[in-house]
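I've put the structures underneath this note.
Below are two complexes that have chain A in common, paired first with chain B and then with chain C.
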Partner chain A sequence: MTSALAEATPERLALRHRLAERGIDRVLLLLLPGVAFVVALFLYPFLYGLGLSFQPKQGGGPFANYQRFFAEPYLRDTIWITLRLGLPAALINVLASVPIAYRMRGPVRGKRLITTILVVPITLGTVLTAEGIIQYFGPAGWFNKVLRALHLTDGAVPLIQNYWGVLFSLIISGFPFAFLLTTSYLSGIDPSLEKAASVLGAGWWQRFRHITFPLLSPGLAMTFCLTFVLAFSVFPSAILVGDPSRTTHVISIAAVHASNEQYDYSMGSTIAMIMAVVMLIVIAIVLTWRGRMYRGATGGKG
Partner chain B sequence: MTENRFDHLRLDQVSRRFGGRAALEALDLSIAGGEFVALLGPSGCGKSTALNCLAGLLPLSGGSIWLDDRRIDTLPPEKRGFGMVFQNYALFPHLSVRRNVGFGLRMRRVSREETRRRVDEALRMVQLQQYADRLPGQLSGGQQQRVAIARAIVLEPPLVLMDEPLSNLDAALRLEMRTEIRRLHQSLGLTTVYVTHDQEEALSLADRLVILREGVVQQVGTPEELYRGPVNAYVAGFMGYRNLLPVQTDGGQGAVRVTAPGLAVTGTAREAVAGGPAVAAIRPEDFVVTDTGDNLISVDVEVVEYHGREQAVQGRLKGGQVIRLRSVDRLAPGDAVTVAVPADKLLVFAADADALAAAEAAAGGRSASPAAAPAGAAT
Partner chain C sequence: MRQRALVARPGVWLVWAVMIFFLVNLAGVVAAVVVNSFSTRWFGSWWPAGLTGHHYADAWKEFALFDVLKVTLQVSLAVVVISALIGVPAAYALARRDFPGKRLVTLAFLLPIMVPPIAYGIPLATVLYKFHLGGTMWGVILANLVPSVPFVVLTMTPFIEQIDSKIEAAARMCGANTRAIFTTVLLPLLVPGVLAASILVLVRTVGMFELTFLTAGPSSQTLVVTLYYSMSAAGIRAPQAVDAMAVIYTLSMLVLLVIALRFVNPTQLVTRVGEQRERAE
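Up next is the complex of A and B:
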């Protein structure tokens, strides 16, 4: 390298400089593998699926699949069923992670242990979580045994093979993400802001309400979006601990049913596209709300 | 306004430990209403700890704090009603200047009109009326600092606490804000406790100085008292005695003879000094370049900086020790000169290895400016 530098003729600018004058940085070439990956594994399949959704198997116009989806209540209702699971799950995850993350932001005894315990569900995988839920919340599980022992119920409270089982599963698997994201957003807020507020006469609730929460909300909006997307695409737990043909007949089940059981790839693609649009609508609403918040630096210097 | 006045704020044996280490040890201090007190020391000396204890942001490990006959160290910060200016300003980035300044009034449920009036008044005082609706991020560092000050004084608190408020500003702005703070103190008469590591800032602002070292008070007094009569080598190092030389002495009090390789002069012992190793403290500006008189010292000039009316010179004694002086005579590197120092300007203190080390470190950190900057460890 050094010898090449020494031999370079001083009259001619280095290639790098000549490219830079045209606004080209050779380092940009490092983007190529990433771009190729995105094109091959996301963009192309997405556009292919989009095209497929306009070529219905049974014939009819290009929009025949979409018309069928919204005409059949069994299909149409999947949107509502999935939203009814995804929105509360995302909301609960965000709301539950805020107080815990808030409490854990300073030096807390056993912080690492608590964080580990809270984050472990990420590593478990949906199937193991579902297994655990069946064992624990099932009619013969501990939870119902305890309820019976306390004479709170005679039979068994149905908590699996229905809406609640899926919701529990979504909360268990989604909470660690929400918690980790909230913790990192919270750690970005300068602790001296709360100190300043307390010296100015704000009690803990006022400090949270007027200082921490407003600065945290853009982060919470992002956290909500991410956990919502995770929850909205729920599939395994809706089958394992849910009631997949009726109350937890979520939109991804409908898509898989169409493509893998009826071999109607076109309809499967249509449902996947509708699923994407619903998610985008929810995210757009949340981000519009976020756009109205303060989003600048959260450090002390403002 | 009058109900916020007090006669005495008293810190009684206040101490604070972190783990096993004492950050503040048995601090006794009485502050009169309306006084401006500066806590001065290098980073880690406990000055910020003392301020946070006063604000209620740190619980005490021992001792108590009294506002007249009311004990306040048991109150949470929000119940003390003090004003505080933070080193990084700690302005609320999502609130406008007006809402930042009005935050304390809002927490106290002051009426809307009253809040508006008082915020306007405070903004006028720091000359920021036209910026009321901006966010802090849209202001310069100096303007943010003014907002922070306005936010602290708008409540007309009995006590204003300032934690190195000028350390993030550039030199010119620092001087301007210093005058501003002094002016506000003179016009409002709010009792102020000011923490700094900058001796010039402390001397120019405060009515009284408290010099701290590793959590222990070294000396308390008016700027004049400390500047004229530091009680030990550590305080001297902070009061502009940039030459702290390890010497040998016969001991005694008053006029004592000190010697070191290449140095044999008479100095004044501020404390009773035992025979043996001691520290000689001399300010750079107390040297006179001359061939006649007593207390002559030979110096080989090494570095010369032009400072207008005078030069800042770094040289060495024949024994190799570095010496810093200021001279109105033009000197050049390589010159061998003789300088004299009056015996009453050469102070002799008991040996203090830490103070010497600190002085050496401070000098090392400022090697670019041999004798210009006042002593004081950088943060």
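Up next is the complex of A and C:
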């Protein structure tokens, strides 16, 4: 303490002052309810679940639940089944939204209408989507009727109660989000960069490959992650349109089954933790890949 | 004009063709449900045998839709109000101050959005039941707040950042106290952002299946969960009544989305959220 701070009140003021210089003052109190909330309702339950997963209901060592999960093929395979649904769904949603968003960048006629139509599936909800897929893609549905009328197939193509129905439902529910995100990332790229490349004689593919895509790829990685979170936690559609006991027995079904039907909260938490870990591994891989791409200003508002 | 000519290649037609194929099938999926909800009997033919509206009346009575809608409305409004009350002040602090540990706090707000709802919903439901909140309306509200509060924080932070802090400084110079600054300067400027975030939270909460499913009891189900149960217990009730209820759900979501789109430019809001997420890594 320097001599100037010898008096009692200035010392208190000085401490407050020094803290304020580092950004700590009473405004931070506003943060308290939010932080307390996240700690109480997200971090605490999550850690509680983690602790619970090491206390198996049937006894055994702390890792008994994890051992059981990886020993039983019926449980172990859920990871693979979920990835097999979630990764293609996220990939299709992102890859399909890139060209459409790319087309919608410029002044396209009916842009607002098309954007609205593409976003509307958000309102459908899982049940209407599921009912619709069952009725439309079912053996007696309009899709198979049209195929037969065009003599493309003889019998009905099985599209529901299997992998494909769930994939369709994931695309319908996930595409609007992927499209919105991609559009916004694209709008953050300065169009004059592409114009400059065009002036220098680059064709559309060269412009896309060397200008737009590198600038867009961080956004695409983020979009992929967020769409994957949605697809990975697929639950209602895997039960309603899928084949929940076999080919679409996804990890969230296993988790809910353990905790809500067998009342084995320990096993339910174990599967939930495994789910979170797999999820984070995929996100980490995507973000590592992204980290190796170009990072820098996109020139536009972003 | 030259620009247009440059990009009009076969690839463009392919993009349009794929998009139209997707939209036609999507329309088919929706139309199949809407037509079935009005049909007397529809099995195997191109068009139902006859049309009727009585399934809507049946659905309303059989599923006690009035009560379900009341619960849905109560839960969603409570979630919107509470998440705004908790989230907006936190967003203000995050937007205006740079403090040690800010990245950690941002990460804490980011995690509930990045972790799948089922993964934290199961432990959360266990904890809520431990405190005798599981199965009650408050349990459902608390569970739905978990992704909503971070959502408000992450959408409002960039919004508040763009409000010039000099305005507040100027008001203080002119002698306004904190309360006056808040009510006469900040609040009017915040209203559009709060409104936008609230409507998006409302849409998310009405549509949130997983968390409500895990925490709701018989008297605290929202519309999505009632729909799910009525469909998974198929055979007890006419599928047309389930479809009618699904149509009611979609129409109410559509109204909410149209209102939301009037206040928010979705792409812009998403950009802000996206950037925020990126920065927070």
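To be clear about the criterion, the second predicted complex is superposed on the first by the 277 of 302 C-alpha atoms of A that agree within 3 Å, B and C clash if a C-alpha of one lies under 4 Å from a C-alpha of the other, contacts with A are read in each partner's own complex, and residues count from 1 in each chain.
We adopt the following convention: a residue touches a chain if its C-beta (ideal position, glycine included) is under 8 Å from a C-beta of that chain, and two chains touch if they have at least 3 such contacts.
Just so we're clear, the structure is a prediction, and the values are computed from it rather than from any experiment.
*Asks:* Of the two partner chains, chain B (first) and chain C (second), which one does A:S187 touch, if any: first, second, both, or neither?
*Replies:* Touch status of A:S187: second partner only.
*Asks:* Based on the superposed arrangement, let me know which partner A:V94 touches: chain B (first), chain C (second), both, or neither?
*Replies:* In the superposition, A:V94 touches no partner, neither chain B nor chain C.
*Asks:* In the overlaid three-chain picture, which partner chain does A:F46 touch, first (chain B) or second (chain C), both, or neither?
*Replies:* In the superposed model, A:F46 contacts chain C only, not chain B.
*Asks:* After superposition on the shared chain, which partner residues are touched by A:V229: those of chain B (first), chain C (second), both, or neither?
*Replies:* After superposing on A, A:V229 lies in contact with chain C but is clear of chain B.
*Asks:* Now for A:I81: first (chain B), second (chain C), both, or neither, which partner does it touch?
*Replies:* neither
*Asks:* Just chain B (first), just chain C (second), both, or neither: which does A:Q206 touch?
*Replies:* Touch status of A:Q206: first partner only.
*Asks:* Looking at chain A, which partner touches more of its residues: chain C or chain B?
*Replies:* C
*Asks:* Please work out whether A:V38 is in contact with chain B alone, chain C alone, both, or neither, and reply first, second, both or neither.
*Replies:* After superposition on chain A, A:V38 lies in contact with chain C alone.
*Asks:* Given the touch rule stated above, what does A:S198 touch, chain B (first), chain C (second), both, or neither?
*Replies:* Both partners.
*Asks:* Which residues would you name on chain A as touching chain B in one complex and chain C in the other?
*Replies:* 198, 203, 301-302
*Asks:* Can you check the complex and tell me which residues of chain C touch chain A?
*Replies:* Residues 3-4, 6-7, 9, 11-12, 15-16, 18-19, 22-23, 25-26, 28-33, 36, 43-44, 46, 85-87, 89-90, 92-94, 96-100, 102, 105, 108-109, 111-112, 114-127, 142-143, 145-146, 149-150, 153, 203, 207, 209-210, 213-214, 224, 227-228, 231-232, 239, 242-243, 246-247, 249-250, 253-254, 256-257, 261, 266-268, 270-271, 274-275, 277-278, 281.
*Asks:* How about chain A: which of its residues touch chain C in the complex?
*Replies:* 22-25, 27-31, 33-35, 37-39, 41-46, 48-50, 52, 96, 99-100, 103, 106, 115-117, 119-133, 135-137, 140-143, 145, 172, 175, 180-181, 183-185, 187-188, 198, 203-204, 218-219, 222-223, 225, 229, 232-233, 235-236, 239-240, 252, 255-256, 259-260, 265, 268-269, 271-273, 275-276, 279, 283, 287, 301-302
*Asks:* Under the stated contact criterion, what part of chain B meets chain A in this complex?
*Replies:* 55-57, 76-84, 86, 88-94, 103-104, 107-108, 135-137, 139, 141, 144, 151, 155, 161, 168
*Asks:* Can you check the complex and tell me which residues of chain A touch chain B?
*Replies:* Those in contact with chain B are residues 190, 192-193, 195-203, 206, 210-211, 214-215, 293-294, 296-302.
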